[in-house]
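Following this line, the structures themselves.
There are two complexes below, and they share subunit A, which is joined by subunit B in the first and by subunit C in the second.
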Partner chain A sequence: MMVGPDKVDLKVVLLGREYSGKTALAHRYLLQKFNPHMNYQTTVGAAYGARKFEVDKQTIFMGLWDTAGSERYECMSHVYYHGAWAALVCFELIDRESWLRARHWANEVMTRGDEGCKIYLIGTKADLVTEPGTPRKIEYATAKSYADDIRAKYIETSSKTGQNVEEMYCMIAEDYVADMAKKTKGEN
Partner chain B sequence: MAAEISNDSPSDEILQGSEPGASRNSMLLATDSYDDLASYLSDTNLSSDRDRLSSGSISEITHPTETESFDPKSVISEEVGPEVVENEINEQLENSLDVSASPVDEPAALATSDSDTVTERIGLDTPTSQLSELSTDHSQPEACTGNNSDEQEEEVEYVHSQEWRQHRKHVFILSQSGKPIYSRHGDEDRLVTLMGVMQALVSVIGDGQDLLRCITAGSHKMVFLIRENLVLVAAARSIESMPQLLLQLTYVYNQVLSVLTLSQLSRIFKQRRNYDLRRLLTGAEKFFDNLLNTMDRDPCFFLGAVRCLPLESSMRDTIAQSIAQNAKVKDLVFAILIADNQLITLVRMKKYFLHPLDLHLIFNLVSASESFKAAESWTPICLPKFDSGGYLHAHISYMDEECRSCLLLLTVDRDVFFTLSECKEKIRERLVKYKCLAAIAESVDQNGYKTSQVGIPELRHFLYKSRSAAQFSCPEYEAPYHTADQRDRLFGLYQFLHHRIHSSSRPLKILFHVGSHETLLGWVTSGFELYAVFGPLVTKSAAINSVNKLLKWIKKEEDRFFILNSPTF
Partner chain C sequence: MSRITKSKTIKIDESVLLCKNGCGFYGYPAWKGYCSKCWREVFSKESQQHDAAKQKRGVQPFGRRQSPQPAPVDAFSKFEEKKKVQSEKRKQTVRSIFKKSPQNTLQEPMAEKSVRKVSAEIQQIGEEFADFLKSLRKPEAALDASKQLKYFIEKIQGMPDSPVEDLSESVVNFYQSLSDRIHSKSIYKGLSQESVDLLMDYAEKYLLIRLYRVLFCPLTTDDEDKDLAIQTRIRSLHWINVHLLDAQIDEQQGNVAELIEKAITSIIEMDTMKAPQQKLECIVRCSKSIFECLRVSKGAPASADEFLPALIYVVLKANPPFLQSNIQFITRFANPNRLMSGEAGYYFTNLCCVVSFIENLNADSLSMPQDEFDRYMSGEAVPHDPTKQYSCEGLRLMHQNLSSLGELRSQLECLMAEALQLQQDNVDFKENFKREIGAVMLRTPLVLKPRKVKVNIDEEEDSDVSSRLPPPLMPEVVGVGGILSQPMISCNTQSSDFNESNNNGHSPDPVEFGEFSSHDNPL
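Let's turn to the complex of A and B:
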């Protein structure tokens, strides 16, 4: 579905290391499904999609940027998170390296992103944690306490099972509506 | 096999300007694929190389009036303005001139007598002691100087493995300090020692104020392309000639630039000579793989020409109009519609032209990336011939559900994604309304045209390139060239024919070659290049008669096969 930029209420951007599951999250978002047959594809540049949410009888259009995780795009990344209401910083629960990158990204958004840009810390591939051979590398408490420190929300998701994915997007839409309500109240 | 070479032109020579596909107003830069190579081979001034490299410049578009100052917001290459980059590059080039401006022999003469021993060392055994003797460079790859012997043994074994050795063509990219960057086959991490040897060879020859170009060993050719920061090596046992392999390496080098830009590449290696470039190239391996695979079967690369999707010219005009009228956006440089690695239309900003090489890289970007099929994308891309110093920004989207035709809108402004997204939607609506997408789908599904349509029974296949339009046309691959093996063989014949005609030591206008399976006729004039394949029993005069007939047929169909006008915004 194509939604023009004028109709889009909020923009969110997926950030994180390559292979951390951003595109799978974006697919869930646009098509509400996970394609297990899809081979891993590196995103080139960034892909964009928009979707409608219903919150308290209000219709919200949310545009989502799925960015490439490769380092060479890093110098370009502010093009994508410029004007974003929220940044979804992703890391694999089973990979320490991606966790370190996620912390780097969170810092990046805080220092270079728009003022007031919300951060959601997303632990991905939660289904793999219970599988043999892919032990959890980042404890829930570790991630949660870091998220609290930077005043971010923390969610663990699995695009494969759908765990928390739809909930996460709805939560963002709800947070946005609440945020806007607070702002208009403040203005009055 | 008997080769008969004639310098007589066929009877009725066609006047230049009236050959099929002649274009007075081409949207593509008409250069010979070997032009750049010639400058590399004749070892001319590298800084003039830089001038010829750019057909346009991003700074010119962003600052049409004053090129001296720049607004950091609209500058393409991140921190550094294009002007600064330019100076930096020129400085570097001047510095590097001392090293490379040395007299160099004819490439063929470089197949020196001791090349065999060198190759043996590469192919068979590479003890580290020899390596350090060979190399005079201080910044050797880490793994070569001191690592554990187990790893090295494994590495050597790997290079010896049948599986790795049987590949027909290897291509490697390494940094000037010998760090592995890419290997076409196998994991480059396991080729550290081998790449160290390559670096050593380049370095030893370079010390003698020479440039290593080619090593021939039996049926193997090893061709080296040495650039400021990178060394590219092709090792092949194939019919391909040294200039043809060198051209392929040039494409690979330009693919690196397309991903990183020359300014970024220079900056990185200026800061750290030992930088591991793979960090910046993650995810780009597929571009190299796809490019190399395509170069093994698509003649567009050695022809330096683009193939157009056959369409009625009125339909093509409608498509171009739909795009030109709905993409009136400031700073939009090119709008390109492609399908199945063929050009449908190209609308350009007045004054700016696209080089076929850049267009090939765009084709490669699209055909190598599955991710564009899922959602509309926004990606930086450097077109090295247009401006190697900075990125253009490409809005990329497929026009139809089946992902046949892909639209690219290229701009210098990185903040106009949503504007272009709206343009794209309007364009798509028009293309649907005027049934353009249906016409494109029909042409793609039809898979071009058949040789039999020409009406020359003995003609099996041909390639025709209009030099002024930088476009070529060829029929579908039918029996006996319908199998992959036979098609590869035919491709080799074309490469052979092309090489013989363009041979630098003895260029030919026309070549009639009788082989055991087919007869080949190559004919090159200032207006066109024609390579035709006949059955084995065709006589020379019959073949010449046939190509005259063929040219008339192409002329009749030229509006369908070529884009002869050049729409602008």
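Let's turn to the complex of A and C:
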């Protein structure tokens, strides 16, 4: 599954507050599974990963960059999304604070990121919403309308159940291929 | 001096690191142990004395000659440095000293050597590249590629004083044009994507190793000042520990301390490498060690949230030489594709972030009050480190060694006990064996039987033995008795033969056989 470090077509950056589910998404990406006991034997770290996707008979390699979410390092985060094709801005569906941070990140990417950097708004921990004690704090409509405002896509995922995770990555890969096709068409 | 620093660093004669002129800046082997400013001064004096023709290659003629400065200056500068060391007692991490000092202490021979070493490096990469081109089995393509490279290297060498931005641009453009050329020219057709990638890789490596002197920390830039600035900055932040950074490194645990040292070594090694690929490899190696160490510390793989603080800690502890120059070199001249994506690019980006974090670090970034930060910076106070049980690194090491020695001792004792047990078992086995054999011997005593004598059938007729034999069988008689009686004799002889040869063995009943034998050998 892992590919050589030099052969990567697109770079996707994970942004979001600490513990906003970024790491679990990255783990899912690398291992295509989620282990609730955090017992990952196969990988030493999950900050970077590259995976192969097949879209319309095209093979693309997607590199996923996890970033440190602490506010302490916020001033340097633009270095990470420099050159990224897409930014996955994560927030917890059950935490209002992380939602506000996510909106901040999205703004950051729009103002400081590369031109044309796609934004995907990701609501994480969707499995917790149905559980007692952890009520949903951000309604689907709220997030969706914000996403529409900033011309981003909005997806709700759960790394625990795997809900929408693979779909999300595949969608990104498809969007990328479509985007490239559009670009080459434009050039011609 | 704070106790913390003492625990982490050792005192060294810093004169070996400083500029020979004693100006307080760091010297560099390539400049014969001067800092760049003093070197430029000395060099300009030199060049005035000698005719212009020899100046072309800068370091080359300079390296061959002994310094024109008379010895007193040298002695004086050393004296100055000593004074400085005593008054300031500035410190360096252990590793950077180990790396740097041999180059400087053996100043004169090493300067010569480093010139040779560089050429050896160029030679090596040249050979590797040539081998690779040969393996392509496309002589035209190989010729074209090496021509392009040669032409470009000459071009860059011809413009040593141009601004570094221009140089960077030309190098990056060269990668692009070479790549375009490979993809469009017919002589390159038929090469697999893999070979093309390798070709580009080799071209980059070869180019930058050849031009390293010109492109690394060029005199036209302020890279060196930045190097010194970050070095001083890191030194002033020596008091920062893992807790202030929220780095989840537990140095008391397992081989974490060892892994941290490995990471530190890797990041320091970066400066000794020439090609950006090799430098990036060092960064990747360092990062992998950090991930491993975080995994050991917290028992689960780490994420970026934990990795960045740990990398900051490692960089602060390592204080890698020429950090800015190396980062700039990679940023300017490495193939941009490499840095934009890919694993090496990821870790490199992290390193850049770490450097910018260290540069901008203030009380806020450590979430502490300004006055507390100031007190630490001025050395008035030392932050409390709950995990630090030992006031000095030596003590910690000693304790660690003692515990591992204790472990070894218990292992040895265990081994000894097992060896004794084995010895005892051996003795017991021997005894048992002997007893068993004795028992068997008792049960089946050795009985020697008289040798059998061959019976001469012809003789028998004369003797009275024949009278005792049963009467000869009559051929006419066909009956049970007659048939049986003859085989009986032969059977008896056979079994007695068998019996004799087995006499020394454990025959179950010697008496029975004795009967047989007595039967056969009447006399």
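The rule is short, and it goes like this: the second predicted complex is superposed on the first by the 174 of 188 C-alpha atoms of A that agree within 3 Å, B and C clash if a C-alpha of one lies under 4 Å from a C-alpha of the other, contacts with A are read in each partner's own complex, and residues count from 1 in each chain.
Operating definition for what follows: contacts are C-beta pairs under 8 Å (C-beta built on N, C-alpha and C of every residue); 3 or more make two chains touch, one makes a residue touch a chain.
Being a predicted model, the structure only gives us computed values, none of them experimental.
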| item | value |
| --- | --- |
| Which superposed partner A:L10 touches (first subunit B, second subunit C, both, neither) | second |
| First (subunit B), second (subunit C), both or neither touched by A:A68 | both |
| Touched partner set for A:K160, first subunit B, second subunit C, both or neither | neither |
| Which superposed partner A:R101 touches (first subunit B, second subunit C, both, neither) | neither |
| Residues of subunit A touched, compared between subunit B and subunit C (which is higher) | C |
| Which superposed partner A:K22 touches (first subunit B, second subunit C, both, neither) | second |
| Partner chain(s) touched by A:M76 [first = subunit B, second = subunit C, both, neither] | both |
| Partner chain(s) touched by A:A46 [first = subunit B, second = subunit C, both, neither] | both |
| Partner chain(s) touched by A:K118 [first = subunit B, second = subunit C, both, neither] | neither |
| Common ground on subunit A, meaning residues reached by subunit C in one complex and by subunit B in the other | 5, 18, 23, 26-27, 39, 43-48, 66, 68-70, 72-73, 75-76, 79-80 |
| Subunit B residues within the subunit A interface of the complex | 78-79, 259-260, 279-284, 286, 365, 369-372, 374-380, 391, 394, 396, 414-415, 417-418, 421-422, 425 |
| Interface residues, subunit C side, partner subunit A - complex | 197, 201, 246, 284, 287-288, 291-292, 294-295, 300-305, 307-309, 337-338, 340-347, 349, 352-353, 356-357, 360, 365, 367 |
| Partner subunit C, residues of subunit A touching it in the complex | 5-11, 14, 18-19, 22-23, 26-27, 38-40, 43-48, 50, 63, 65-70, 72-73, 75-76, 79-80, 83 |
| Touching residues on subunit A, where the partner in the complex is subunit B | 2, 4-5, 18, 23, 26-27, 30, 39, 41-49, 66, 68-73, 75-76, 79-80, 82 |
